[in-house]
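Take a look at the structures listed below.
Two complexes come next, and they have one chain in common, subunit A, joined by subunit B in the first and subunit C in the second.
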Partner chain A sequence: MICTKMIRRIAICFLIVVALTALLPMRYEHQFRDSPNAGPSRQFLLGTDDLGRDRLSRLIYGTRVSLLLATSAAILSCLAAAALGGLAGSGIADKLILGAADLFLSLPWLFLLLMVRAFLPLNVSPLISVTITFLMLGLLGWATPAKVVRAAVRKLNASDFMLQARATGSSRLLSKHLIPNVMPILWAQLWITIPAYVLAETTLGMLGLGVMEPLPSWGNLLRELEGGGIANHPWLFAPVLLLAAVIGSFQVIFEREDYSV
Partner chain B sequence: MMLMLLIFLAGELRFALHEEPKTTDPLMMADESAEAIRYLTEGVLIRINRLTQKPEPELATSWKISKDSTKITFQLRENVTSDEVVKTFRRLLDPALHSPIADTFKTEKGTVKVSAQGPSTVIAEFPSPTASLEIMFDQVAIGSGLGPFLVAERKPGVSIILKRNPAYWKKPLPLIDTIRIDIEQNRDLELLRFKRGEIQLIDKLTPDLFERVPEAIDAGPTLDSEFLWFNQAQRAPIPEYTKEWFRSTAFRRAVSQGIQRADLCRVVYRGHATPALGPVAPSNKLWFKQGLTPEVFDPAAAAKLLASDGFRLEKGTLRDRSGHSVEFSIVTNSGSKTRERMAAMIQEDLGKLGIKVNIVTLDFPSLIERMTRTLNYEACLLGFVNVDPDPSELMNILLSSASNHPWNPSEKTPETAWEAEIDRLMLAQAATADYPTRKKNFDRVQEILREQEPVIYLLHPNSLSAVSKQVIGVKPTTFFPHTYWDAEHLTVKP
Partner chain C sequence: MLKQLTRIGVLVFAAGLVSAFLVSYAPGTMVDERELDRRLNETSIRELRSNKASHSDVFGNLRRFMVGLTKGDLGYSESNHSPIAALIADRAPETLREIAVGLAGGWVLGLALAIPKRGFSVLAGLLLSLPTALIAYLCLLAGAKSFLVLVIVLTPRIFRFARNLLNQAYTAPNVEMARARGVTETKILLSHVLPAISPQLLALGAASASMAIGAIIPIEAICDVPGLGRLAWNAAMARDLPLLVNLTMLVAVATTVATAVAEMANPE
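What follows is the complex of A and B.
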């Protein structure tokens, strides 16, 4: 138990350090054309990429892009899930919302994103383009958390304390009783959704359809690994380590219920 | 005896194409994948030897060109009839088909007429003297299934299996029984599979992978080119003020001067490319216009040129006469790291002029849709695979009426005086067999393209390929297909 708490604290500290480091000002786009594919040195701690851009600067800025946008998309998903799941759980438009959730879950989201990407106006800056992509992710990803919220709201509505509150004529059922009890579930959903969106961006980036040049992200930084060559250039592995550590940290920072008998 | 031994060795040749062929119609093929399948499965009257660059008899046993270069008479092999040939050309030249190959057979006085003279003689008559008559026939697939291989199985998006054609006229060729062509978009995976021995050839190796393959071969500069162009079509659904920039010669020339071609060759192509001066590579000694001045990277001159056209730099942002900030997007195909890197370098170079460039990678079908149908794009970065050194090869790109005319496809009449001049010169060079006259006309075309820069030619890549030691008889060339151009003669060690 103490060990779990310690791990959780380390994970939280690690995420805070990563988030703060990601805010450092970085010149991620400058091309040092005389030093393409350089190995680690004092000037370039993680070497340079094919165009001579400093890998460390790109990794730090890419972390900012990936974490910030994944978190924003996750918040959007959870807010939509809270609203729709809450309505469905309260019996309002339950079938309609459940049907919509099933429809969204059955959508091949990757193809949908590719399609949306093809229809996007071309002349948008990389930041706007990636924001639209994450907005889409956020709007598409409400279904699973909404189902969880719906189930929780239904359970809470049938609980004794809600019955008692209704019987006493409480006028603040929602704000005093329902929302505070649903919040832990929403938090858990948020922590689950953030790494899912980070990985979604990574997948798009690996396909060359993620964040556009010159903006870096974990997805397009990981594309460098496609051709192998890690044995000779182990520093290329840095984005993978960071991604794994961040995703792992997200998985351990919230307390899980102990269902053991 | 040697041949018997090679037949004994015959096995399965395996390589990959990067795209699914867009069409199975051999007369409509324009993409590289479809051309590869056509090359291996279809028969042509005359084949250009990729190594010697000389025409060789294929379905025609011999041919004779009239003294005035207006008529070519083919004697056909037994396995092909003159009716088949005539039928093929009738279909090819049908305007309703819109075949990109048909543009090659156009001259200013009309198109070719093909007629049968008995069962094994075909005559192709051109309305005016035409240069390099025989070369044009290398691209026209006659009938169906007359090549060395037949398509035995096709799994869309996965693979195409070719089997040796038992009826192929060059007995006992082909030596190999099957060719397995996998569709593999990812070049890194292609390399991994090559290293594992799952595929035996990489016909076109990207420069970043070249150093990682001990079996890699640099066969020298190709005639291919990588280029950037702006959308100048009147009907393009883009703002009028951007069209105005793109139609401005000064703007195009300034952009061209602002791009460091030498860096593109050195950084992106790792030295396996040559800066381009126009559509013709300097390695094409016969047709390259000597004396064309190389485009020197000169941001100061570019800025001056832009200022002369009413553009002004305000706080690091270039603005046009009406105050619009100069910003445009460059589309290119996703999955091509080389083009993505080139676009990123162009983006940085033009940033120094105050021009904001957005890079958009699109999957190939979406890109083609925008380029040819909706015309909803601003600038495009792509490449052109040039098989033939003859200028006639460029007819379907340079003629203003051509559907592949990049900056303004299928113009009813040339929209600018210089396009009209290019049309006239290209048709004139195609209408004579006299080399000095053709050269003079085509030199002028190169000069106009250099002056107007409707297409900003960036570089000519070298031919990089990789061949496994298992494959015997490969002679890499600088022309497409680089490694399997004589696939019927190749053998594979078990």
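What follows is the complex of A and C.
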């Protein structure tokens, strides 16, 4: 038990260090034209890519893009889930919201993302592509958290303290009783959703439908692996190790069976 | 049963409608890559645009599609220059084979690894930390067969679900009583634990089919397997609306049937 707690603390510390490092000012787009495809050196710790851009700078900036936007998308999903899951309690609203959630869950998430992302304009700027990618993640991923919130709200509505609050004519049912009790569930959903969105962006990026170049993200950084030559350039694995360590840390803190991407 | 069938029908129709809406009203729908071809003159480009515009009526398209569906005609894929029904019939066996082998391997390995009390948890955690596309790429690098990717993707998921179920089942009073009486671990597993968790395992079986369907697109796209996943990816890249809507509905049918089976197996 003490060991598990210690591992969790280490994972939290690691995530904080990664998040703070990702905020360092980096020039990800600067080209060192004299040294394309350079190996690791004192100047370039992870070498440079074929356009002469420092890989470490791109990895740090890509971490910022992936983590910041996955968190934003997760917040968007959880807010939508809280609103819709909270509304779905009884009557027609419940049936409609549950039906919509079933509809979203009936299509594999990646399939839906792939479809919508592919039909966006061909000439979008990197900034728009990053916004669209994560906006889609946020808007399409509300169904599962909404079902969880709905179940919690229904359970709370049927609880004794809510009955008592209603009987005493309490006017602050929502703010005093419902929201404080649903918040831990929403936090847990947020914590589960962030790594799922990071992995979704990575898969989309590897398929060429994620964040557009020159803006780096874990998805398009991993796409570099497809160029081959990993046996001779093992430092290309740095984004893989960082991704595995970050998602692994999320899992250590809050274990989940399926991220489904 | 009838209620479930009606639900599946409604969900599949809604999935088709939603996908048709999404692709019809996406900002880039009216753009055709062929317009960039400098060899085309004004008239040809105008023809391309009017062709695209004729496909923008969502309800009309869906009605035509439904009428065609009753006759076994799923439409025509512009990007593949082939009837969609023939494309699906041609690609489906490969995908079904991949999914069947992936599910069988994932289940055998996942269950086998979940039964012992220790081990595999760390590796399962590591595998769950990697996106499917990356696992597919790493397998491709290692020269592994494509069906192995799905096995590697599904095993840790099935392992974690199964391990949690088994952990719960092993703490049941009847299991403790059997242990106290000196019943062997194998007999406890076969006579007490597995029967107790069989409804949940059946539900997990259906859920894992849904997971496999979701994972097949990046696997086939990266490993270059000529299946439905790759067809969907190509259709998305080529903005082939009719093919994409058909594949969406097919995927929706498969997923909703799997979900319905899971719900029937384990209503909780």
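We adopt the following convention: the second predicted complex is superposed on the first by the 230 of 261 C-alpha atoms of A that agree within 3 Å, B and C clash if a C-alpha of one lies under 4 Å from a C-alpha of the other, contacts with A are read in each partner's own complex, and residues count from 1 in each chain.
Here is the rule we go by: contacts are C-beta pairs under 8 Å (C-beta built on N, C-alpha and C of every residue); 3 or more make two chains touch, one makes a residue touch a chain.
Because the structure is predicted, anything quoted here is derived from the model rather than measured.
Asker: Between subunit B and subunit C, which makes contact with more of the residues in subunit A?
Answerer: C
Asker: Between subunit B (first) and subunit C (second), which does A:114 come into contact with in this model arrangement: first, second, both, or neither?
Answerer: both
Asker: Could you tell me if A:52 is touching subunit B, subunit C, both of them or neither one (first, second, both, neither)?
Answerer: first
Asker: Between subunit B (first) and subunit C (second), which, if any, makes contact with A:226: first, second, both or neither?
Answerer: So A:226 meets both subunit B and subunit C here.
Asker: Given the touch rule stated above, what does A:39 touch, subunit B (first), subunit C (second), both, or neither?
Answerer: In the superposition, A:39 touches no partner, neither subunit B nor subunit C.
Asker: Per the contact definition in the header, classify A:31: touching subunit B only (first), subunit C only (second), both, or neither.
Answerer: In the superposed model, A:31 contacts subunit B only, not subunit C.
Asker: Name the contact category of A:126: first (subunit B only), second (subunit C only), both, or neither.
Answerer: first
Asker: Touch check for A:102: first (subunit B), second (subunit C), both, or neither?
Answerer: second
Asker: Taking the two structures together, which residues of subunit A meet both subunit B and subunit C?
Answerer: Common to the two interfaces on subunit A: residues 114, 117-118, 122, 207-209, 226.
Asker: Which positions of subunit A touch subunit C when the two form their complex?
Answerer: Within the complex, subunit A touches subunit C at residues 99, 102-103, 105-111, 114-122, 195, 199-200, 202-203, 206-209, 222, 225-226, 230, 240, 243-248, 251-252, 255-261.
Asker: Which of the residues in subunit A come into contact with subunit B in the complex?
Answerer: On the subunit A side, the touching residues are 29, 31, 33, 36, 50-52, 114, 117-118, 122-126, 129, 207-209, 212-214, 223, 226-229.
Asker: Contact residues on subunit C for subunit A in the complex?
Answerer: Contacts found on subunit C: 7, 10-12, 14-15, 18-19, 22-23, 26-29, 31, 33, 125-126, 128-134, 137, 141, 157, 160-161, 164, 210-211, 213-215, 217-218, 221-222, 232-233, 236-237, 239, 244, 248, 251-252, 255-256, 259.
Asker: In the complex, go through subunit B and note every residue touching subunit A.
Answerer: 186, 188-189, 191-192, 208-209, 212, 263, 266-268, 327-329, 331, 334-335, 337, 340-341, 343-345, 347-348, 356, 358-363, 366, 376-378
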